[in-house]
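These are the structures, in structure tokens.
Across the two complexes that follow, chain A remains constant while its partner is chain B and subsequently chain C.
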Partner chain A sequence: MLFKTLFAGHERGGLIVMLAIVLMLLWVSIGNLAVPASSSWHVSTYTVTILGKFLTYALLAVSIDLIWGYAGILSLGHGAFFALGGYAMGMYLMREIGDRGQYGNPNLPDFMVFLNWHELPWYWYGFDHFWFAALMVLLVPGILAGLFGWLAFRSKVSGVYFAIITQALTYALMLAFFRNEMGFGGNNGLTDFKDILGFSITENSTRVGLFVASGIALILGYFIAQAIVRSRFGRVLVAIRDAEPRTRACGYPVAQYKLVVFVISAMLAAVAGALYVPQVGIINPGEFSPLSSIEAVAWVATGGRGSLFGPIIGAFAVNYSKTQLTTLAPDLWPFVLGGLFILVTVFLPKGLISLLGRRKKPVEESETMVINKAIKQETSVAADRKTEVL
Partner chain B sequence: MLSVPNESEIIGDRVATLAPGQPDVTHGTILYLEDVTLSFDGFKALNKLNLTLDDGELRCIIGPNGAGKSTMMDVITGRRKPDSGQVFFGQNIDLLKHQEHEIARGMVGRKFQRPTVFEALTVAENIELTLLGPRAPWAVLKARSTAAERDRIDEVLTTIGLIQLRHQPAGILSHGQKQWLEIGMLLAQNPRILLVDEPVAGMTGEEVARTAELLVSLAGERTVVVVEHDMAFVRKIARTVTVLHQGSVLAEGSLSSVQSNPKVIEVYLGETPCSH
Partner chain C sequence: MTNHTRNHPQSSAAPIGLKRFRRWIAPILTLCLLLGATLPISVAQADPASPSLAAGSPTVSAIASDDAMTRSQAIKALILQPPAGAADVLHALDRGMLYVTAKPVARLGIADAAGKISAIDSDEILGNTSDAQWQPVSINNVIRIQLRPRLDLMALASPDVSKRRDAAQDLFSARLTPDYIHEIKALEPKIKDADVQANLRKLVAGFELNDADPKVRLAAIADVADALDPEIRAKLANLASNDNDPAVKAAAAKTLDAINTRVAGWQFLQNLVFGLSLGSVLLLAAIGLAITFGVMGVINMAHGEMMMIGAYTTWLLQQLMPNHLTAALFLAIPSAFLAAGIIGMAIERGLIRFLYGRPLETLLATFGLSLMLQQAARIIFTPLNRAVALPDFMSNSWVVNPVFAITYNRLYILIFSLTVFFGLLLLLKRSTFGLRIRAVAQNRAMARACGVRSNWIDALTFGLGSGIAGIAGVALAQITNVGPNLGQSYIVDSFMVVVLGGVGNLWGTLVAGMGIGVLNKFLEPYSGAVLAKVVVLVLVILVIQKRPRGLFPQKGRAAEE
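Presenting the complex of A and B:
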């Protein structure tokens, strides 16, 4: 029964991708922990971390697709929510260091000692507890998205104007976090983490644990997004995307709908960020850079917006190419990314997934044509009858 | 001068039998417009317009460009408020006191000239979103489609003749089918009055005939008002025709009486309207 409600009317590609992720989780965990390093089946910890990072990127892509693909809200500042989630997690990890920092101060993180601070700022209170940090991972980006969205959607800011102000948002946050006075480590950000929930962060098993947690978060995030999209709420979102004034005329409070989905999406992005930070071992203001947000949108466009599994494929494909290419020719990457964005927009407007669906399409279309023809015939018969009566 | 009682003046058991929001049509009239005037920068788009619609009738409204047809529809649907005059729905509901979205739900449905349907959604889903029901995000998120709703969707789709296309995306529909779907979306909101603006513009002959049939079948249960330039179409469906000119009614009556009215002939520059 549960199975049925979960999967009824589900996009098939999505199920295949979910299955692939589960298999990847199993294969990589076993390959890293159980297979000896001498075997050719062994999966290196480096690979585990890279794939874990990709999984969090994929969740970020899903969160962007939820608003862009379904509600038509293009956010070019979603990296801000990702980074805020990352900072909340980073603050917890900093507090976990305790007196093991270079200065050995049990009360203050290293960078504060370095800045000659004597007291912990009030906004660091509570981050010694994991549950508090986890709550903040959701709340801080959620509230920011709520305020920002409320102001924007209430004034009917949409389309390219909305995209521009989201860029401004993430840029402003970047500048703010660069300042040492903010109390978030300034330029260097938060780093040198030791452990998470008592597990050493450099340990293989912790790495695999974080990798699996990222996979589970992605799967959950995907199903949450899927549930939203498949509900009547989701159909209203699509209606807003395609004909906003008409939807408003039907009595739907459009701004509220956009606000709700924007906040949910920001929270998904924040969870991705929170899982990203312990795996890469650092969070700094660079994560707020407008370019990273645009890059994330490029993953969605490449994979295919408007299906929730397309962005997952896109995030993996683009980032895999990026890792390969940056080791070969790091300077080339921005050009490749720009070129990719142009090529996809021109030749594959529906993204990589349209390559998969291409074989099926003609059949569907001919079906509709047959039905249309049937209806037409019926109409003409009705029209004939009508003229006879007259 | 029509005697239109105010809402507060109505007392006694007659009102008690009416559900809130239900028009009182004991005198057989569903819509009264009295001395409605609306001007834009001194130009009187509506000039002491008087119009009454009988409950369940099918009325055609014609008139040259700038006669005030669109402005009249704006006033009836609450989109614009007139400078002066009264607009009553039944004898008891003052439409000027209601917001546009309140009027759209259950009172007056308006079909705009260009069809706008939700192209990515299926035909049935288009109707589903317009059904009367919750509109707030949380309520809609929790909403599950009920059997009653599905029946209502089927009923509307049967009326507009798109039942076989119910699972198809609305984007693949022909122009005429989209117009019917939009009429269906209005029907889903269960309006007493249906305002239809140039429904057959750009339709094929077949589609025009089918649309005429549809609109005629809708009258009776509802009041249908058609604003149309296509005189051949008007002739097909009209019983009573109202001619608007410079913001007020120039003539009213059967199509033939209107067409032979010298004032109407003069307005149409000596031509009969049917030569359009």
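Presenting the complex of A and C:
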């Protein structure tokens, strides 16, 4: 059964990408840890961190593709779940600092001492333990997504309306987290982390460990998403995407299907955020900005939505060129990114993966879509004729 | 006032050094001044006892003396009982431009910016500030605090009514000695401007609230019954809780209650107007979006950049004609409309028309466009924020009373946004162009069948929406700095306004914009500005859950799509 799910039909592209990721994990970890720094085969720690960051971005992209590509839910606020996961991890890392902070206070993080706080706020309790933080990484974004999705899907908020209110959600969270009174470090966010699970965060081996963990999370996330979209549940999602009223009329509880996949997607995004924070060493409210969420959607669109592995390629391609260009010609980067959005949406609606040779369409167009298209064409042709006559 | 005294023929004719005539000249001078004065009242009434400023007079000698005590006493006397023609001297003293010399005879001089010292009563040049014999007359803060009200009192006699008003206002915040209060009380009935007079009466009454005599206090309470000033309210509150006399206590409490009710009313009005002002900015930003998103169904993430283009147009025009700020502003409105409108049409023809029926792709493509436009602005105009200077009629604020004031730029923007709104409504509902826009929006195929060139209408509609965004940029430039990120900060808000109001419904946009603005301002006192915004966003999200098509959804067949 599992075997069938993994190797069914046209998942070859996905398997190739997974294989490439495994190879990258091996090459980078060996290249960084086993190969001496003098060798030209050595992989620098900087590269490890950058690639680790890309892996978490890729997981975020997969989580967006799961809802956008398969259920037709465009969230412009997925960065919020990513950031919430990051904050949960950041809080654990802050507690790990203990009395090694600037102020040497064993009970309070530096920024609270700085703000003249005397007690740890109740919502910081428990973050001394990794297991608790890990649980929160899943629970907090999951509950928020559940609540938000329940409200939205129940009242049939969909399409661009949903996109806009998710954008408002992340915007509201950003404004809230910018406030010092929230107790999450305000503008500066959480930073100055020392170690994770007892391992120093600046150590090479820890970095490689986090990198490998991100890779494994991505592979697991991919297969979970794959299993979902290949299941009967996933088939219903595609039906909802293509003809929501008809699916509803067929008796499927559309809102519940959407809610479940939205929550799973939010949790995947949160895991990505939790792995992102220890690697970049900081989490601040900027992660909540609507811009970062839209950028993440752009990776998915660039790679090719509705394929799950396309977004991974998209995340790597866009972010690699971003890193390269922002060092080479920082002024040009916005033009390239903006141009990429336009080119992809106008000329490559199926994303970069449609360039990669002959492959089946990610998910076949459903009957309704084909019929709708035919009707549209007919009417426009008829209308054109009318204009000519007039 | 200054020129009157300085160029008076009598005073300039006075020969220097003829000491025995000095005693005569001072009263004559005053008389001439009084007779010849065109001033509404004469504040500087010199009585025989007032100090003289003539060269060699005891006061001047005292000011020239080495003893600090003597000096400051002479200056105090001068301030308390200024002789006629002392206004120039006192102003110079305030600015640190008054100089004194002891040799050959003690006399005062006023320095100008170039350092030349001229006589106080003629244009005669006496020396230079660099001369060793001339010393600046310096004063400490204690004296300065006494000097300022004197200058204000003198300004009450100014022929310029705005100066008289300012002076009365300044007196209000000054620390006044009882002497001054008596002087103001004596002066008050003679004031001709009703508002200045009322202000002074309030001022005197405010002091008399602390009088030892309960009767005076009671009368003063009656006098301040319609005052809204925080200082007077504080004094009343003090009387209401601490006064020994029960009658005064009760009267103070009653008056304070009445005042507080009115203050609360004004504050409510203030919040309302501020909210409407904020709402009008949101409305301006959202109206264009209501066209492109609401009527055409195009999600234009570059809408904010259309506002940015409008704002930069305003700035550019102002750079081109820095001496005609008002003209530049009025020219900016059509220019910004055209600039943003033409760019908008180019965007529609070049990009958006390929993406009709794919709203999510449109969103991404226009977002890419917005990144490029922002970067273009950053390269062309540098990333620095530019400040647009306000023309005179837009600066300052309209102060109704101490608890209610609104800046003119906000007021005009409120009026402006309503004008744009109703203009657009008229265009859509009453013009052929508007008819065509609505026809294409409702049923494209049928509109085309009736001979409407729908492609053109698409381009023009998008141009109209973008042009209005450009106009919004002109208004935004009047209240914030112009920079590449100007539009970005409004994009989320404007989408919320359109979605909350109901897509395709201009009235809904008006209600939503104003509603969000007012709600924001009423929440601010309780939660602070940022949290108020968060609360409003959450509320809007919740409202959309309840009414997914906005507060005023479209009805009928068009709503099905």
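In this text, the second predicted complex is superposed on the first by the 347 of 390 C-alpha atoms of A that agree within 3 Å, B and C clash if a C-alpha of one lies under 4 Å from a C-alpha of the other, contacts with A are read in each partner's own complex, and residues count from 1 in each chain.
Going forward, contacts are C-beta pairs under 8 Å (C-beta built on N, C-alpha and C of every residue); 3 or more make two chains touch, one makes a residue touch a chain.
Predicted model only: the values in this text are computed from it and were never measured.
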- Message: Is A:239 touching anything from chain B or chain C once the two structures are fitted on A? First, second, both or neither.
- Response: first
- Task: Decide which partner touches more residues of chain A, taking chain B and chain C as the two options.
- Result: C
- Task: Name the contact category of A:330: first (chain B only), second (chain C only), both, or neither.
- Result: neither
- Message: Quick check on the superposed pair: does A:249 touch chain B, chain C, both, or neither? Answer first, second, both or neither.
- Response: first
- Query: In the superposed arrangement, which partner chain does A:231 touch: chain B (first), chain C (second), both, or neither?
  - Reply: first
- Give one of first, second, both or neither to describe whether A:260 is in contact with chain B, with chain C, with both, or with none. first
- Message: Using the superposition on chain A as set up above, list the residues of chain A that contact both chain B and chain C.
- Response: 376, 379-380, 382-383, 386-387
- Message: Going by the contact rule set out above, which residues of chain B touch chain A in the complex?
- Response: 101, 104-105, 116-121, 125, 128-130, 135-138, 140-141, 143, 145, 161-162, 164-165, 168, 172, 174, 177, 185, 189, 205-207, 209-210, 212-213
- Message: For the complex, give me every residue of chain A touching chain C.
- Response: 68, 74, 76, 148, 151-152, 154-157, 159-161, 163-165, 167-169, 171-172, 175-176, 178-179, 290-291, 294, 297-298, 301, 331, 334-335, 337-342, 344-346, 349, 376, 379-380, 382-383, 386-387, 390
- Query: Which bits of chain C are touching chain A when the two form their complex?
  - Reply: 299, 301, 351, 354-355, 357-365, 367-372, 374-375, 378-379, 444-445, 448-449, 451, 453, 488, 492, 495-496, 499, 530-531, 533-534, 537-538, 540-542, 544-546, 548
- Task: Spell out the part of chain A that touches chain B in their complex, as residue ranges.
- Result: 228, 231-233, 235-236, 238-239, 241-243, 245-247, 249-253, 256-257, 260, 368, 371-372, 374-376, 378-380, 382-383, 386-387
